[in-house]
Amino acid sequence: MNFKIIGRHMKESLTSMVRNRWMSFASISAVTVTLLLVGVFLVIMMNLNKVADDIENDVEIKVLIDLGVNETEELQLHQKVEKMPGVESVKYSTKKQELDKLVKDFGNDLSLFKQENPLHNVLYVKAENPKQTEKVAKEIMTYKGADKVSYGKGKIEKLFGFLNVSRNVGIILIVALLLTATFLISNTIKITITARRSEIEIMKLVGATNSFVRTPFIFEGMWLGALGAVLPIAIVTTLYATLHDKVTPTLENEIVQLLEVMPFILQIDLILLVMGVVIGVLGSFMSVRKFLKV
Amino acid sequence: MNFKIIGRHMKESLTSMVRNRWMSFASISAVTVTLLLVGVFLVIMMNLNKVADDIENDVEIKVLIDLGVNETEELQLHQKVEKMPGVESVKYSTKKQELDKLVKDFGNDLSLFKQENPLHNVLYVKAENPKQTEKVAKEIMTYKGADKVSYGKGKIEKLFGFLNVSRNVGIILIVALLLTATFLISNTIKITITARRSEIEIMKLVGATNSFVRTPFIFEGMWLGALGAVLPIAIVTTLYATLHDKVTPTLENEIVQLLEVMPFILQIDLILLVMGVVIGVLGSFMSVRKFLKV
Amino acid sequence: MIQMKNVIKKYPNGIIAVKGLNIEIKQGEFAYIVGPSGAGKSTFIKMMYREEKPTSGEIRVNGTDIAQLKDKEIPFLRRGMGVVFQDFKLLPRKNVYENVAFALEVIEEKPENIKKRVSDVLKLVGLAKKANMFPDELSGGEQQRVAIARSIVNTPKVVIADEPTGNLDPETSWEIMRLFDEINARGTTIIMATHNKEIVNTMRKRVIAIENGQIVRDERGGDYGYEF
Amino acid sequence: MIQMKNVIKKYPNGIIAVKGLNIEIKQGEFAYIVGPSGAGKSTFIKMMYREEKPTSGEIRVNGTDIAQLKDKEIPFLRRGMGVVFQDFKLLPRKNVYENVAFALEVIEEKPENIKKRVSDVLKLVGLAKKANMFPDELSGGEQQRVAIARSIVNTPKVVIADEPTGNLDPETSWEIMRLFDEINARGTTIIMATHNKEIVNTMRKRVIAIENGQIVRDERGGDYGYEF
């Protein structure tokens, strides 16, 4: 197949799409609506995933420092923990700060214990990877000056479990949605091509080879998919950029953050475009094939 | 139109559906896939909504009982609060129980205060409607024997805000999904009927009235929709029943509970069936109409 | 029964297929429409049953101007007419029996009558054995005969046939013509566009010749008239 | 160039349309296929360009048995043949020019040649002015002429025409026949199924009569032969 022929097929595909205006429009709008759905859910799911990550990353190890330890020893412990592999950050909190927190949470009833504070100084340690939390905690436990190390074992495991389930459900939903979208788009293209089976048969009867008949249809599938992706890309991009700008300030000091607009939204756009084009081309290819046996 | 004619149209619609096997199958599977999507998301969204309700309903008012109050007075307060309009339940907790909780949360450092417990006896009050929490709290504040009343003002309002946003997003998603599904189903039916426009035109040319041509198509739309709803109903029902059975035991003592299988799943099934049938019928009606002008 | 006055038909693409037709065809007449390819015969015929609406002029069928007909009334006009379309227009998903029966179902004929009547008509056109076959399983001539059967099955007042013997061998053509003649003898008007010189010249009837969208000749008992 | 040996064609519905055909048609011949409606003429013709595959028997075109042809090779068989289908088979979304040009695009003819050749052929069939119209804007006879134009545009070795004058007036029919005769004189084989007695009896050629799926007569310079 040379360039001239490809040009002919390209032109043919555009003419045919225009002459089948109504059907083309129906196909394109089905693609549009489906991809819009995919886009919106992808954005939501991936942000939820980010939220789960953020929450997981917020898990801390609380190291109660031995009451019988002096300041130098405390500093040594602090530095040692900071240099540990797998540790991301260490935050020191005096027993006074701890009591203040307690009072804030439990009311002034406890404030009469201010004279004789029974609490410990504390190191709050964050692991680089939340999955390492346990390992890090156990390691610290062996250090001198660490009285008690806690990281909410049961609670955190429960949280991790919950987040994992959510993430898996999210992935299943996304995959299901992608499959559904694939099916719907190729189904629509199939139906529109079936409506043109007699055209395909006539072409074959006049001596066209399979590829001669097929190529314009494949180009047409490509256009339908690409045009169907235009609106979803525009809408998802604009909406997310706007939403991100609005929401980010209110989340300024929170653990949870939205995904940055770039490059995230470009990736989504790419997924939508590729889905549209690939499904359009494949759907067209497979549907035409059925009617080529003449 | 008499019964015989309706019978004729009904038979006609079935024959036509069978003879257009391929197209019918394509339509039905598009409906199936779309409704399955709708079903799954409805189930998820409505359960998330339930979770939000559960969390909201878990908000409690904590009433610290005056330290200088005797047992009878405590009982009177308890009963008075219980009888208050808008109060759902009241739970009494001694100061010993309170300290135990504190110790459990904060470690043994506090246990040395057991000799001289500085805490109050407490009433935990739940409002019938979480929105009334503030009103109830203020009312109790005026009662004799209530020392301090707290219900996490800022925190709860933030939570409520968050839950409301989630709920609204959820509703928007559901509505968007329903609209999308409606569009996709009626679009598919439109395309399949467009592929048969010449049949419609021939019928008109042979002297059929609009309603004579239309009625079998409308029945056909109904079948397509109804058949398309069968699988989603079966799948969603089975899946949810299974999931509910599996998940419920693990949630036994949690605040959050899944929606009971009955009548919830019946409602979902009904929505799916009605959507399939109504969209099938309307989609068919509107598409045929376009080609009746002959 | 059918009168046309100054009928003009201009298609959307600008072609004026009929340029001022004036004609009257009385109940019970038998008229051939002849003329070269593209002369406007089919357009003339299509306007009688309102497949095409005239651009201007008046078309009266049994007194009512069908150019003014409301959409709702059109089916009732068509029921009084049996049409053999030049391209047959069979319903592809209905078999031979159902295609013919459809013209009776439309007028809500009783099922028992339908069965009898359809079988009879299929026998008349020689397709009794092919009642269960679908159009795409038929030869060209067989399809044409199904179209003819459908046009006469509800004993309409007029049969309008556009080139009804174009795909038939002479013998079958003559059978169909005898059928039309019989129906005509019982009072049915027959209007038939044809290129079949032999038929026109043998079975002498009124001949309306159209050329270039205008009537150039209108003779009772005329001949086909085009020599080459 | 075309030989058939014991060719039988049974359709999926059980009808045996061709019951043991033996025939040889030589390069440069002009053969009419005649016979009653439903005799098997179209089936016979369709097997030549492999629209239908014979149930058994051998069909040789230029020596190769096309019953054994691989799917891939079929287009190349068809390119050597120009076919006028009984139901025209025009592409509905292509205009007259494009429909005819398609047969040349298929063989990857140069665009400049296509333009010239298509215009010439459209002039031959009298449709030069309608090049930009779509099939559904044409009269029956005009559609048929587009089909004829497409069949001859790539100067095939054989033209196979199924009832090519069924929708044409006698004058246009004769023009087409003169065209076929000319092409035939230049060496092209012509195989033409027809019901037109006048043509067969006037332009004397080989006549192959088929009845009930079998050849009942095969005469050079024969006549149409069916009287009524």
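When the chains are written out, they are named A, B, C and D in that same order, and each has its own residue count from 1.
By our rule, contacts are C-beta pairs under 8 Å (C-beta built on N, C-alpha and C of every residue); 3 or more make two chains touch, one makes a residue touch a chain.
Small disclaimer: the values here were computed from a predicted structure and weren't measured.
The chains touching subunit A as well as subunit D do not exist; no chain touches both.
Comparing the centres of all chains, each the average of its CA atoms, the largest separation from subunit B belongs to D.
Separation between the centroids of subunit C and subunit D, computed from CA atoms only, is 28 Å. One inter-chain figure worth recording: subunit A and subunit C are separated by 66 Å, centre to centre, where each centre is the mean of the chain's CA atoms. Subunit A and subunit B have Cα centroids separated by 25 Å. Counting partner chains per residue, subunit C shows two or more touched chains at no residue at all. Taken as a graph of touching chains, this assembly forms a single closed ring in which every chain touches exactly two others. Under the contact rule defined at the top, the touching pairs of chains are A-B, A-D, B-C, C-D. Residues 49, 51, 71-72, 74-76, 78-79, 81, 83, 85, 89-93, 102-103, 105-108, 111, 150 of subunit C are the ones that touch subunit B when the two sit in their complex. Chain contact summary for the complex, subunit B toward subunit C: residues 4-5, 8, 16, 19-20, 199, 202-210, 212, 293-294.
Residues of subunit C that touch subunit D in their complex: 11, 13, 15, 34-38, 41-42, 86-87, 133, 137-142, 145, 162-163, 166-174, 195, 197-198, 224, 226, 228. Within the complex formed with subunit B, the residues of subunit A that make contact are 22-23, 26-27, 29-30, 33-34, 36-37, 40, 44, 64, 102, 106-107, 109-110, 112-113, 118-120, 148, 150, 169, 173, 176-177, 180, 183-184, 187-188, 190-192, 194-195.
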